[in-house]
Structures are given as structure tokens and as C-alpha cells.
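Below you'll find the structures, each written out as C-alpha cells.
One chain, chain A, appears in both complexes that follow, with chain B as partner in the first and chain C in the second.
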Partner chain A sequence: MSERSVLPGVRGAALHTRAAGRRRPWNRHLLGYALVAPLVLLMVGVIGYPLLNTVLLSLRDQGVVGSSSSFVGLDNYQRVLGDGEFWAAIGRSGVWLAGNLVVQTIIAFVTALLIGGNGRWARGARTWTLFPWVIPTVAVAVIWQWLTNSNYGIVPKVADAVGVHGLGSPFGDTALAMPALILMNSWHWFPLGAVVIYGAMRTIPGEIYEAARVDGASAWRMFWRITFPLLQPVLFALGLVGSLWSFNIVDSIYLVTKGGPVDATTTAPVFIYNKAFNEFRASDAAAVSVVTIVLLAALAFVYIRVARPKEDQ
Partner chain B sequence: MTAALRWHRVPRLLGMVALAVLVLGPLYWVTMSSFKDREEILRSTPTLFPQHPTLENFRQLFTATDYPTYLTNSFIIAILSAFFTMLVSFAAAYGLYRLRIPGANKVAGLILVAYMIPGTLLLVPLYQVFATFELVDTRNALVIVNVAFTAPFCTWLLRGFFFAIPRDIDEAAAVDGAGPVRMMLRIVLPLLAPGMSTVAVYTFVFSWTEFVFASQLLVSDDLKTLPIGLSAIMGQYTVNWGLLMAGTVCTIVPAIVPFLFAGRYFVGGLTAGAVR
Partner chain C sequence: MRFRTARRVAVAAVALAVVLPVAACGGSSGPGGGGGGDDKTLTLWHMEQPPNRVEAFQKVIDAYNATNPEYKVKAQVQDWNQVYTKISSAVQSKTQPDILFTIPDFTTYVRPLGVVRPVTDLVKELDQEHTFVEAAKAAYHDDDQYWAVPLYGMVQMLWYRKDLFAKAGITEAPKTWSELLAAAKKLTTGKQHGIAVPAGKNLATDQVIYSLMLTGGAGNFFTPSGEVDFDKPQAVAALNLYAELLKLSPSDAGSYSWGEPQAAFNSGAAAMAIEKGQYLSPFEKESGRPASDLGCAPIPQADNGGQPGSIYYSNAAMVLSQDDARAKGAEDFLRFVLKPENYGAFLNAEPGLFLPLTADGATAPSWTDHEVIKKYRSCVDAMLEQSKTGALFGFVDGQYIDSIGKISGQNILAQVVQRVYSNGDSPAEAIKWGQQQMQEAVSR
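Right, the complex of A and B next:
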């Protein structure tokens, strides 16, 4: 990944062959187009066309996915926009998004600082910190349900030992299910943020810190005055991509609570999943998808306008 | 080393211990549980290490459940997905970042948008598309989905690796009479090994984990993948935690092992890609 891969002696030879490189431009482009074509076809077929199809489907009255249907115009939208359950799901998505963003950013930042050292411990930690992210979501779901099982789980037992008695499984509790899922999902995803922040921190030249240390700045002050501002572009990108990915998570929620208890964890994507495959109302699900995509796009637009680092403009 | 310096290290050390407990603790606990017998796993005073380590849970998992089938399906789908994503993303990245075809910037922009588009919101229409082509309930459908959702990101990931290979190499090779295809396969591809292994591991892990599409696109029992199978075992054998723990351990290991081999490049590649 570095300059080490430069072959020695190549630079000299290159000077004589600039002209030769331009010899067959058409041929080169033909090869280029052929190489890019499979990716473009895949994106059009599996992402572009279905996206368009969602809009068409939302204007029909399909029940079971793939069954026959007829055109009904904006009826589905009228029903969806007037549906309190849909707006409740959007609200829970907001809680889910904010919770994940806050918890993961904090843990990721602390972790990035911890694994940034030069010691043997820090170097090892750079590998195993990523384990929770690498393991399948279904394993994460099983692990945390086992740990918090009200009868046999280690978490209630430890809580009992330190004086908190009668702790049940949080996933079965209407009030605790959402925060518990946010924590579980953060356990699964924080390593990604930690590694990205760690990578960005390494690009900050050490001289800046040296200069600040000479001026007598404390570690706390250096973090807020140097590290944090210089990481703005990365945090901006991470915030955008991370939010979109968090918002769309279905598996973490579905595998543990299926959106329950009593819809307490039914976020918008879970709502769509249930509409399409449990209630068999494909067109309603499509309409909800379209509304959700529009809301997400608007949110992303506002975020980019407000949070974009100034030096990028 | 002075006492003052040591004091300075205490918060960092405590933080590291906390991180280790948070990350490795649950994994340790699940692994230990999988080696405990039925009585010990449910004991009211938990044991930190199994008193009578047993492989009974694993034996039962592989003989009395469909777990081996799920395992095989997951391997087939993950390996095929990784192979095709390597193919597609290498080709695309070569065309975009090396040959720089006209309009490369537009395609690169589209790629960024594509990987932000929520897969789950496309589940319903995609199901329809696959139904039209009679691909529902086939492994191919899942491979296509996995490749389509990983290839844009992986193409973007390869960008950083491509930029690290000097363009002068192309010109030197051209003078030696290497054609464009030969140049791509014999000269650039070998230099891209770290990037390609990052792509392979990323796609393998993505496919290994994928639940939402697998849950709808695969219907037959003999086609189901691990995430589906394990969640079925979770519902079916609610009481048999030992079996479930063994299943979880066997699901985790194939994801962690390739990562241990290619992890170094993986971390480097992800940060290189993300920092840009």
C-alpha cells in the first residue's frame, strides 16, 4: 500500500515511452468500458431498477409480493401518511439513530485513543477490537440474549451480586428493549468507527502535538483544540455514512425482538419488512419505502448543508 | 521509568482492560458455555471455566440438527460472492482509476451513492425481480445480491490501493511490449494483492452475516444459510443453550479466521478508503 511497491529503475525508462502510452486510445477506452460494464449492470439491475420499481409498486395494490395487482394512484400514500403506526415507527427510527450515533461515537473515540498507542497491547487490540464487527449479527443476537437471560444469564447474576436484584431480560421489557438493542447494536458496530477514527488520527502530524506540548497545553486541551478539529472531515463522512447504515438496520432488531414487545422496537425498516412479508401488503410497504427514502434524503441534505466542514467548500 | 510516568499510564491501562472485558468478555463467556454440560451451563453459581469440558454440544450440533447443511450453504454462497466481487470490483476499479475512461468521475460518484442506498428498502422490488427470473429460492439469487451490495464499496476501497501503484510501471511495461490486458493481469494485479484480499475478506464476512435477504430469498430447508438456521435453532431449542452456544461458536470462527490472516490489510484498507 506504500511507495515500497515502486520497482527500482522504472522511472528512467518511463521518460522514453510517454508517446507509446498514447498509441491506442480507442482500444484502451473499449477495454475500460468493458471492465466497468459488469459493475454498472449490477448496480442498475439490483439497485437502480428496483428503486424505480418501488415507486411504480407504491402506486398499485399488490398484496403478496409478486402477485398480480392494478393501478390505484396515490391511495397507498394517503393511507400511509395518515397511519399513526407509520409515524410512530419513524419516531422510533429517530431514537434508534440518535442513540446509536451518540453511543457509538463516544465508544469509538475512546477506543481509537486506546488502540493508537505503540505498545504491544495497543497493537494487539487493533486486531481484536474488530471482532464484534466481524462476527455475524445472528451470533451477536444469540450472545447478548444468553448474557442477559433472566434465569441463567451472567449479567443478571453479576447485577444480583452487586445488589441489583430481579433484573429480567431487557429485550422483553417494553421500556428497556430499545435502549438494550441500541447498546447491543453499538457493540456490533463501534469497531468500524473506532478503526476509521484511529486511521484519521494517524494522519495528524506529530509535530503539531510537539509544538502544543512546548507551549504547555494539557492533553485535554490538545484533544479539543487539535485532534477534534482536524478530524472534522472524517467525522463528517463517518456521521453521514454511519447514520444511513444505522437507520437501515433490520437484522439486529428482527433477530432479537422482531420489532416487539408490542412494537416497542419497530423502526421504519422493520415496519416495512413486516408490512411486506408478515402482513403481505407489498404496495403499502413500497409506499412506506418511498416516503422513508424521501425523508432520509432530506435529512442527509440538511446534514450536508449544516455539518459540512468549512475547508471543504 | 519514574513513578510519575507510571501514574500517567493508569487511565490508559484501565481503559484497555475495560475495552478487553467489553469486547472479549462476551466472546469468552459464550465459548466457555459451549463446552459445558447441560447441568453446569444452567447452574445458579456460574463457573468461569468448564469443570468437565465436553464436546457433547458440538457432537449433537453436527449429528442431530441441520447445522452442517447451513454451514455448507453459507460457505458456498460466501466463497462465490467473494470471488465474483473480486472479479467485478477489480475490473471496474481498473477501468475507472487506471484507464480513466471518459465519464469515470460520474461513475465513481454513482458508486458512492449506490453504497449508501439502503438495501432493506429494496427488498420488496428485488424479490419481484428475482421472482420474474425464477431465481427465488436459489443460491444464485443470494450471490447476486451479495455481489451487487459489496462490489460498489469494494471498487471504492480499491481506489486507494490503485493510487499507491505508480503509473510509471504501465509505461515501462508498454515499452517491453506488454498489451493492455497482459499489463492488467501480469503487472498490476499481483501488486494489488493486499487490496484484493481486503475485498475478499470484506465480501466473505458480509455474505456470512447477511440475514435480511437470505430470510426471504431462500425458502427450502436445504438451501438456508447459517444466520437463518441459527435463528431457527434459537427458536426451536430455546431450552438447549449448550447447543445454541456451540452453534454460535461455529458461526463465529469462520468469520474471524480469514480476518486474522488478512486483518492487517483489512484495517489499512478500510482506513485508507475512509480517510479520503
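Right, the complex of A and C next:
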């Protein structure tokens, strides 16, 4: 077994030390900078400019998007930070994020383990596992609404058949709407996690498991002592990017509940959308966006500090 | 594993993932669809997405283009949920359509963008030629100008299943709130519900509760000076009735919008519903019952102080061309649509739902000869009659509330319903909350 495959991190650290010891002059990197320049310019254009525009808009009092406005300084921020509905939306975003993170990770992990086998069913499952992922979000929303509709949905029909009568759609219930949406969204996105985890698992050398088996390790012990630790960097990145994507989801929520009932599913992005396009307060929406960016960046920073795999692991 | 590299990649991913979605709020993105068309083509945006409507509108447009006008018309179908964003972007990039279909509150949204041309002379000319229903024009009249040309109307009725009424021994459609409630209770048996009314946070809920508010004398949400006047006993009474009706509706009415009550009605899971004329066309096919089983009646009125009424609004077309010649071309197209010989084909894009707004249109064979209109003629006539007492919040009795879009856009009426249905608030508390929300909405 090679040093590289058994002790991740050691080779990387050594390379870094060597590289730091012989830094090349900046002009040696000129070609590299030139090659990435178009991409950087593109990113500045499509991300930097709208972001700057958002900050500038948040300092004005624009109502309908695109209408005339005047400079109001930090008034919008003062109002946003004192708005209980905004903080409630941030709280619901926390629930949404945590719920999606937990549910998707569990389902993805279980699926990756199941499709990792060599049997015929496992091989076939590798294809159809992707099915929910390729369905457009709007179709997912419709499917789940149909499934749970009390008039023609299969879920209430099955429940009725087993003696649970009067079951209706959870999306109209303040207590059930958020968990139901988390389940729906997790069902839509878990294949991404499953495929990434499955791919990462395939890179773990079989010799490690062989050695563990020779030492008498059980399957459960091998999972916790070999599979899980070696997947940590992948899980870390997946958790980070997946969480941020989940946080920013608007379409799934809006298509099904529009943030209702009684704001039970109004997360921060839905709150921003409502401000901009339903309440016609573009500058307020921009201020909320900026505050949300800061909060999200802080959250991501904390996550990186706390959850990132340590180099000595 | 190269942890420092991984960390840098992670940080970059964070930056991208954080910034990308919210950066879209910048408001300087491209038009996202549509455009001004070429030199001799007028772009028309409409939001009637069902394929049958798209096809029918296209036939009318093709017929117009076949007359070899100087400016031909090209339709682009938009989504009601996205058109607010798209029109703002299009105006910013000067690629707005020449003709934009609208409803009264959407007009109040588009006008501040500064590109809507007054069409006063055209409306007066068409009124003289075809005679518009007064309520159809009024919602587009402000600052002594007309801002859109009315094209088709929509009104709500009480729909009921005559077969289910007969089984329950009910011989007449309810005329009052107490009769409505009594009928709904009597019709609720086993898996059958007396009525299906929506309580989702959507326009469907807004409209059904508003129809009952109108017949309860609470249809005007504003004082003559334009201040919000929503919190009144009549509104509480209407909401109280709605809460009672929701108890007799399917258990997931909290997520209902347009389609679910109709599906429940056609399947026989609900015996009554309150909606517009889209119930006519698919009834026989979806219910498996003869057309004679579909009953319709005016919206029941409050027992005390009730009045006839129903939500009613006209859909219209705004002219956004900034060039005079193009604007004239757009007006020529609208003249063509309202000619009685063409109007029927346009209205029958959704027979029974799209109602004529002109006197000669209502009798035009191009409309009345359609199979659905002939089959349900009594209901169609009842809808035309109901239209005469119809109204829309923000435009009642000649009002024109500029900020009404902020109330309808937030679905405040639907939220009021949800506070009672899902949150357990009393109707009085919910109406009080609605008053505060409306005040806040119009204050800025």
C-alpha cells in the first residue's frame, strides 16, 4: 500500500513546504493570470456588478423594481434589523437548512451504501437512484401536491385503506408544511449527495477493508473506523455547498406553499422574494439580501472553522 | 488530501453559493424574454398559458396578420408569476412589448414604470362603436385617462351539483348565507363535502372570500379619501362564514388554489364551489355527468344587509410602444379583436370563462354559436347578469387605488383566511391583522 493512499494529508503538506521554499517571481505566473483573466472578468460582470448594484439599491427607497428612487442611507437596514418577521424568516431558514442537511445526508449515505454493492439490483439502482434529481423542480412540486391531495392523492387513499381517515395535504397545515417541504426537497436532491458519496467510497482502497477483516473488524466497525473518516473531506464539502444551496432555495417552497400557511414556510429567500415582487419594495429586498449574505457568510465561516477535517486526521 | 487546497476550494464554493442566488436581486439582469420586435412586428405579451388559449389567441392574431397590416403582431406567452419581474427588466432595457395584457391591479404596477400610453381616444371610439360594460372600463380610468383597452371579463358564481342536491333533497340553490351554510351541512356526508373553498395563500382564496365580502356589504376596503377601511363588522361576518364553509370543505383546503376545488367538484367529492366560468367546459368529461347536472346561481347574500355581488374584473391590453406609428399599429390590432365577427373566436379561447364586455359582442354569433356557450346558455346569461353587480377591491364605486397591487400581490385576504383556518385566530382578530397589513402596504 502506498503512503499516498493510506495517509492523506502527509504528501500534500510536504509538497506545500517544498513549494513555499522556492517561490517563483510573479512574472513566471503571467500566463496563468492571463488564462484565468477572462473567467475573472466574467465573474466580476455576472456576480460582482449585480452584487454592487444590490448594495447600492439597498441605500435607496425604490418600490417597484426599476422605478425612480432617492437615496435614504441606512434607513432600510435599520428597518430590516428591527423587523421581527425578518428574524422569524431567518429562524425558519435555519430549520430548513438543518432539516435538509440531516435528511439528505442520511438518505444519501444509505443510498450510497446500498448502490455500492456488486449485485444486479445494486447496479440497476445506480441508474434509477438519479431519477428524482433529473425531474424539474416544478414537476416535483406538482407530483408531491398530487400525491398528498385528499381528493385524488395516493397517500390519503392508502391511509384511508389502512384505517386512517380524513388525511389531507400536509402543505396546508402550519405544523406539517415545513417538514413536508423538507422531505420533498430532500427527495429531489439526495441523489446528488448519494452519487458524490458513492464516488468517494469507490476511491477507498479495498486493501484497507481486507486488512481490517483479517484483524476481525465487524462491518459496523469498518464503517465507523474506515469509511466514515476517509469520507470526511467529501462530506465536509458536500455539507457546505449543499447547505448553502438548500438555504437559497425559493422555487420548491414558492411553488407549493408560497411561504404559507401563515408564513410557516417563509424562509429568508422567500421573504426577500415577497418583499421585491409581492410587496414591491425593491430596496427593502436588497437590504434584506445584503444582511442575509453577511449572515450566511458568517455561518459558512463558522462551519469551515468547526467542521473542516483536521490535517492530522 | 491537500487540505489547504481543499479549504481554498471550499471558500470559493462558499462565496459562489452565497452570492449567486441573492445577487439576482440587483435588478440589472437582462430582459429575460420578450423584446420590442423588429421594425414591422409588434410584440404582444399575454399570460394565458393553457395550450387551448394560446392556440385560440394565435388564430386571431393570424387572422389579423392575414389582413396585411403595416405592423404584424407576434405573441409571446408569459407566466403571471414572472411577468412582474420580466416587464420591469424589459422596460429597463427598453425591450418592452408593444401590447401587454393586464388586469386592473397589474396596471397599477406597470404604470409607474413610465411606458404605458393612455388609450383614452381609442376606448371612447370603441365604446361608441361597441358599447362597453361600464365596470369593464372603470378599473382602467385614472387621471382623466384610460390606460388599457378592456378585452374580456370574468365573474364568479356559485356552482352546484344538481344530482347531489337532488339526493340530499335540496330543491333550490341557496340564496342567502344561512341557506348556503345549511345546504353545505346537509350535503356533507361520508366522503362527500358540502362545498370546496380554497384557503391557500393565493389569488384563488383572495377572490372567493372577496365575493362573499361583496355580498355581505364589505366589498369596499377604502374610505372616500383612500384610507384603508377593512376592519368592519361586515368583513368579520363574511370571514366567519368562510371559516364555517372551510369546516365543510375537504381537509386539505389549506393548500387549495384554483384547480383543487374544481377537481373535487367534478369528482363529486364536493357538491358546491365558488368560482368563475372555467367550470363549464370540462364538466361533462371530468364528472361523467350530463351538462344538466351542473347548476349555477348568484353568490348567496348576507341574511341581513346583503346585496348582490361577485368579484368581477376585466382583462385588458395596455399599449407600451414608445413610437407613435407602432402604437397606432397596436391600436389597430385591438380594434380588430373587438369587431363582433372576430371577438367570438377570441373569447372562446376559454368558452364561458372569458365573457364579452361589449353589447354587440354579447350577441355576436361568433361567440354565441360555440357549443359550450349554447349548451350552458342559462349559466352564461346568469354570469352576464352577475357581471352587472360585480366589483374588484380597489376599484369599487369609481375608486382607483394606486397601491392596490401591494395588497393583492401579498395575498393579504388569503392570509387573513389562513390566520383563521390554520392559525386558530378569531375572525375579528384576523380582520384586525388584515387592516394593519393593508395600512402598512399602502403607506410606503
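Annotations
Note that in this section the second predicted complex is superposed on the first by the 269 of 313 C-alpha atoms of A that agree within 3 Å, B and C clash if a C-alpha of one lies under 4 Å from a C-alpha of the other, contacts with A are read in each partner's own complex, and residues count from 1 in each chain.
Heads up, the rule we're going with is that a contact is a pair of C-beta atoms (placed from the backbone, for glycine too) under 8 Å apart; a residue touches a chain by one contact, two chains touch by 3 or more.
Predicted model only: the values in this text are computed from it and were never measured.
When the two complexes are overlaid on their common chain A, residue A:Val241 makes contact with chain B and with chain C alike.
Of the two partner chains, chain B is the only one touched by A:Thr137; chain C is not. Contacts of A:Leu167 after superposition: chain C is touched, whereas chain B is not reached.
Contacts of A:Gly91 after superposition on the shared chain: neither chain B nor chain C is touched.
In the superposition on chain A, contact of A:Thr257 is made with chain C only, not with chain B.
By the touch criterion stated above, A:Thr148 is placed in contact with chain C alone, chain B being left untouched.
Once the two complexes are laid over each other on the shared chain, residue contacts for A:Gly73 go to neither chain B nor chain C. Residue by residue along chain A, chain B and chain C are tallied for touches, and B comes out ahead. Of the two partner chains, chain B is the only one touched by A:Thr111; chain C is not. Look at A:Leu42: by the touch rule set out above, it reaches chain B but stays clear of chain C.
In the superposition on the C-alpha atoms of chain A, the part of chain A touched by chain B in one complex and by chain C in the other spans residues 13, 16, 47, 49-51, 53-54, 57, 65-66, 145, 149, 151-152, 237, 240-241, 244, 248, 250, 269, 272, 276-277, 282, 285-286, 289, 292-293, 296. Those residues of chain C that touch chain A in the complex are listed here as 1-7, 9-11, 13-29, 84-85, 88-89, 91-92, 109, 112-114, 199-202, 250-256, 260, 263-264, 267, 269, 405-406, 409-411, 414-415, 418-419, 421-423, 441, 444. The part of chain A that touches chain C in the complex is made up of residues 8-9, 12-13, 15-16, 47, 49-54, 57, 63-67, 145, 148-152, 166-169, 171-174, 233, 236-237, 240-241, 244-245, 248, 250, 256-262, 264, 269, 272, 274, 276-282, 285-286, 289, 292-293, 296-297, 300, 304, 308-309, 311. Interface residues of chain A facing chain B in the complex, by the touch rule stated above, are 1-3, 5-7, 10-11, 13-14, 16-18, 20-21, 24, 27-29, 31-36, 38-40, 42-43, 45-47, 49-51, 53-54, 57, 65-66, 110-111, 113-114, 117, 121-122, 125-132, 134-139, 141-147, 149, 151-152, 154, 157, 187, 191-192, 195-196, 198-200, 202-203, 234, 237-238, 240-241, 244, 247-248, 250-251, 254-255, 269, 272-273, 276-277, 282, 285-286, 289, 292-293, 296.
Chain B contributes residues 12, 15-16, 19-20, 22-24, 26-27, 29-30, 33, 41-42, 44, 46, 87-89, 91-92, 94-96, 99-102, 104, 107, 110-111, 114, 116-129, 131, 144-145, 147-149, 151-152, 155, 160-161, 164-166, 168-172, 174-175, 180-181, 191, 194-195, 205, 208-209, 211-212, 216, 226-227, 230-231, 234, 241, 244-245, 247-248, 251-252, 255-256, 259-260, 263-272, 274-275 to its touches with chain A in the complex.
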